[in-house]
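Chain lettering (A, B, C and D) follows the sequence in which the chains are written, and residue indices restart at 1 in each chain.
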């Protein structure tokens, strides 16, 4: 196989059966969601939490068509409760190469790259930016909300055109964080 | 197999039988759901929770026909379409040691060990029987349906008392087929 | 009232009956085949007995197994649902012989009305209009041909022991009669063990309109209005509604009065259905009586507010009808769609399997009667009816809009599983249906012009 | 009529509104937080816009985000549901300023009726009976104490900007008044940003009975009968029914006429609810007006056959009421139970999580309004209402039996998930409820004597 020998778990205190029943449900659920959330089918999966283990393997790289829970297109981002003022976790809808980070829309609204029509953009592709540097504006009902870089890096590319509507959390700018 | 040998878990306190029964039910249930939730059949599955382990593997890309996630107590028997006249696949409700086969009720009704009240039983525990040997009667609405051994073997024990109601498919007699 | 009811059926109707039993505080015994051991009604019931293998003739059609199960579980009544043994006088008699109440008409009534020629003769005597045809089973082919010639073509040959759309043959002209006659007789013998047939005029364009009746054991009878079941494929109903749309004024009332008169003449007790054909000229003709609860009973329940299974149980327990004809008021419009586990793209071939996703619709004025649930394995060996979706609204356009919404909301998927939901959506959307201009030929015409059935086999 | 409706809400009510929009052939836009991106209404809608993070104040409570979403999706109307911004005049005004119809009363009406003291004064003028109390917000503690003393104890102190059971304090005797007064003012300031409070007599034993009204933009108003919402825990409704059981003859009619008179006096347009208390002597007193669709609106729909959301949308689109008071007929009895994702054994603490099993009941006269589905993750950050189970029957005992059956059929499980279903079953089974002898103190008494709440915190 492929499902390799499993090491014993020595250090955990014995669970009660009721706790284990809850736990195995949660682990199984997470294993399913894990598979469902992947766009490429794995050949083996192992999820362990304490004394609970779920393992699966597939003989060939058959496509694991995720059945259910039937997620919408944007299911894979963990939901968070950050306020718009804080850093917004971007959707993974437009996920780029590893090492690349994105700056997300702080509000539903319209994205602008410049402070006003005709003015030069806040930043251009290739620019190095410091944390806190303004890279755009999202306008919602005449309210201008600045978009800041939340880390240092190089502007890899814009993911949204100027004057384009965006949703909350939508990735606006790809930032090459490694290029600092 | 592909499921590699699993190491024993040493450090857990022994559970009570009742807890283990609950737990094995839950683990089996989750294993079934796990399979049901995937549209591509895995070739191996392992679910462990504490001292309880459920492992399955399939030799080929055989159709994993998971029945459904909330089985009743008698979920593990594959359903078949045999007529009562033919051999009845027994429920595994009273499954005995390996090598032991059971003879199942050909009808819902009342099980009798003897041809009539006071008469000696058709067979006794320990008897060697040939295929086709009558071992009892199931009466349904005054209709007497003979129960025959479908293979040779030694009568290991009766699983149902004389004059007891039985359901269709219920195991009546354990037969030690190896003792032929 | 009874203490325990055994439900001698499976699928959605077994669960439907069990629900009302629970509401009446009755203990519920389910019987099931090996195939159905994980079924919804088994999970719902207080007790379940495995009575036989998957093959229905040794389980759901086995009178001894069912009576045995009733006796051992202390059931004092048996509800037969529809299909299976619901119109079998033998089960009714065996129940009576063992001190168990059969929830249905007396065995003699079932037997007489089950013989379609006897039923025709009886209803003729009671003054109900019939289509021109024979009042008795026919003898030789020559004798039958003479009857057909006197009726005028097209005619339809029907099995005396038939019903439910089986054992029928339409004959367009005299030259085709002899062969069709022999074939129908042979088929009737095979299907029903009874080769007797009769002939009546065939209406190419007609509405199937039926009257729900309810009679107690004291000679009281009422009707609960009519249902239109004209949306049929190969004589199988797909969509039903109450009341029947666009009938001439007063027609439904006249049909209702006729049905009650016929039922009382037959000594009927329980819930029953009088099936009629309504011709384009507005005349109606008696077809047959169904001595059971019908698949489509919910549309009547939705417009009258009356739980028909509850009333069946009450009158079987010798209660008097709790209401008179004047108390029965029809409010609004109800439509039912039958969702079958079939593939419309493969000529409605059964498409059973495990339901990996099963999410029925909900919200205002939507009712779902189903034995399906997430993870349920739809067996291949039984009828393909998986769910009945019923909606109510104050008027027919609103009911159609609601049905469209509810059909769109019904999510059923699984490996190999198909349903008729999308097909029904197209039927409901069709201008002929929307404008209530459809008749019993509607679906065949629709399919002939539609890619669902590329072979054009209808 | 509109072309596109944006639903500025989440959970079951968002789906409920979306269903009726679909039936009216309207395009549906859902807005959602990051937390709700997989919600039922998002799956159901034609278009969905993510308007903010999980925290409601930056998503479902953000007027700019909602109006922005409406403008960009071409929505010509916004339905606010209940809770969130449903009674916020600012959203109504912003919609109007941007050419979007707010489906609810005019902003000025919302504002006036939202001020509970102003509403009391207005209804007093319209001739509605009030409990003895202040007609205006109170000033100093001494002044308030004098009012309370003149009313007689017990009294209840309420926030002028409150409603929905929040910002209340009962004062049993004069010595406790000063402290309670300060606390309620401080709490009102915190909760509503408005520290104004008023005082009225507190009825220890009373029924909560409310009238559903519906008014068009042309001065026509009708009531759709009453609902009894006396089964409450800490001022939160748990079980509602229509009609109210065991009211004195003619009382409901008098309350209905009063509510319509009050609504027309206020210039009301849309669907609204007049809440009353009914004292043991049969007298009734106006409490407040809710300028929104209520959680419990389905029981009214079930007995009248009228889709309230449809009528809300119609009158918002300037249609005239399609029926008069005489056309409104109440048939049978409907009961609603609110299934919350809460653990009754841990003082009703929220118990959210993933629903590994979610199988709603079905069959005759059962309605389920829920956003739940198998695999849905109930978020921890919002209201715990998971499903409304509504049943209808011709009479109250049958409706109670049906509710018992349907509650038993509702299967909801998941790691860490608990619901109030079993608790509601006990409430429904209780002799006080069965005999309609319960009042608003019923649940507290029931819990005090029951192991659900071992701490006896109620």
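Definition applied: a contact is a pair of C-beta atoms (placed from the backbone, for glycine too) under 8 Å apart; a residue touches a chain by one contact, two chains touch by 3 or more.
Each chain and its UniProt protein: A, B = Biotin carboxyl carrier protein of acetyl-CoA carboxylase; C, D = biotin carboxylase.
It should be emphasised that the depicted structure is a prediction, and the values quoted were computed from it without experimental measurement.
Colleague: Name the chain whose C-alpha centroid is most distant from the C-alpha centroid of chain D (biotin carboxylase).
Modeller: Chain B.
Colleague: What chain pair has the highest count of contacting C-beta pairs?
Modeller: Result of the pairwise contact count: A-B comes out on top.
Colleague: Go ahead and note the Å separation of the Cα centroids belonging to chain A and chain B.
Modeller: 48
Colleague: How big is the gap, in whole Å, between where the Cα atoms of chain B centre and where those of chain D (biotin carboxylase) centre?
Modeller: About 54 Å, centre to centre.
Colleague: Rounded to a whole Å, what is the gap between the Cα centroids of chain A and chain D (biotin carboxylase)?
Modeller: Roughly 37 Å, centre to centre.
Colleague: As a quick test, compute the distance in whole Å between the mean CA positions of chain A and chain C (biotin carboxylase).
Modeller: 54
Colleague: What are the residue numbers in chain D (biotin carboxylase) that touch two or more other chains?
Modeller: 356-357, 373-374
Colleague: For chain A, jot down the residues that touch at least 2 other chains.
Modeller: In chain A, 23, 25, 67-68, 70 touch at least two other chains.
Colleague: For a test of understanding, state which residues of chain D (biotin carboxylase) touch chain C (biotin carboxylase) in their complex under the given definition.
Modeller: 15-16, 19-20, 22-25, 44, 298, 301, 305-307, 309, 331-332, 357, 359-360, 362-370, 373-374, 392-394, 398, 401-402, 404-405, 408-409
Colleague: Could you list, by residue number, the parts of chain C (biotin carboxylase) that touch chain B in their complex?
Modeller: It is residues 33-35, 37-38, 42-43, 49-55, 57-59, 63-65, 67-69, 72, 94, 354-356, 373-377, 379, 381, 415 of chain C (biotin carboxylase) that touch chain B.
Colleague: Under the stated contact criterion, what part of chain A meets chain B in this complex?
Modeller: Answer in residue numbers: 1-12, 14-18, 20-21, 23-25, 28, 31-32, 35-36, 41, 51-60, 62-68.
Colleague: Using the touch definition up top, name the residues of chain A that touch chain D (biotin carboxylase) in the complex.
Modeller: Checking each residue of chain A against chain D (biotin carboxylase) gives 22-23, 25-26, 29, 68-72, 74-75, 77, 79-84, 88-89, 107-109, 140-141, 143, 165, 167-170.
Colleague: Across the complex, what residues on chain B touch chain A?
Modeller: Those residues of chain B that touch chain A are 1-13, 15-16, 19-20, 22-23, 26-27, 30-31, 33-34, 37-50, 52, 61.
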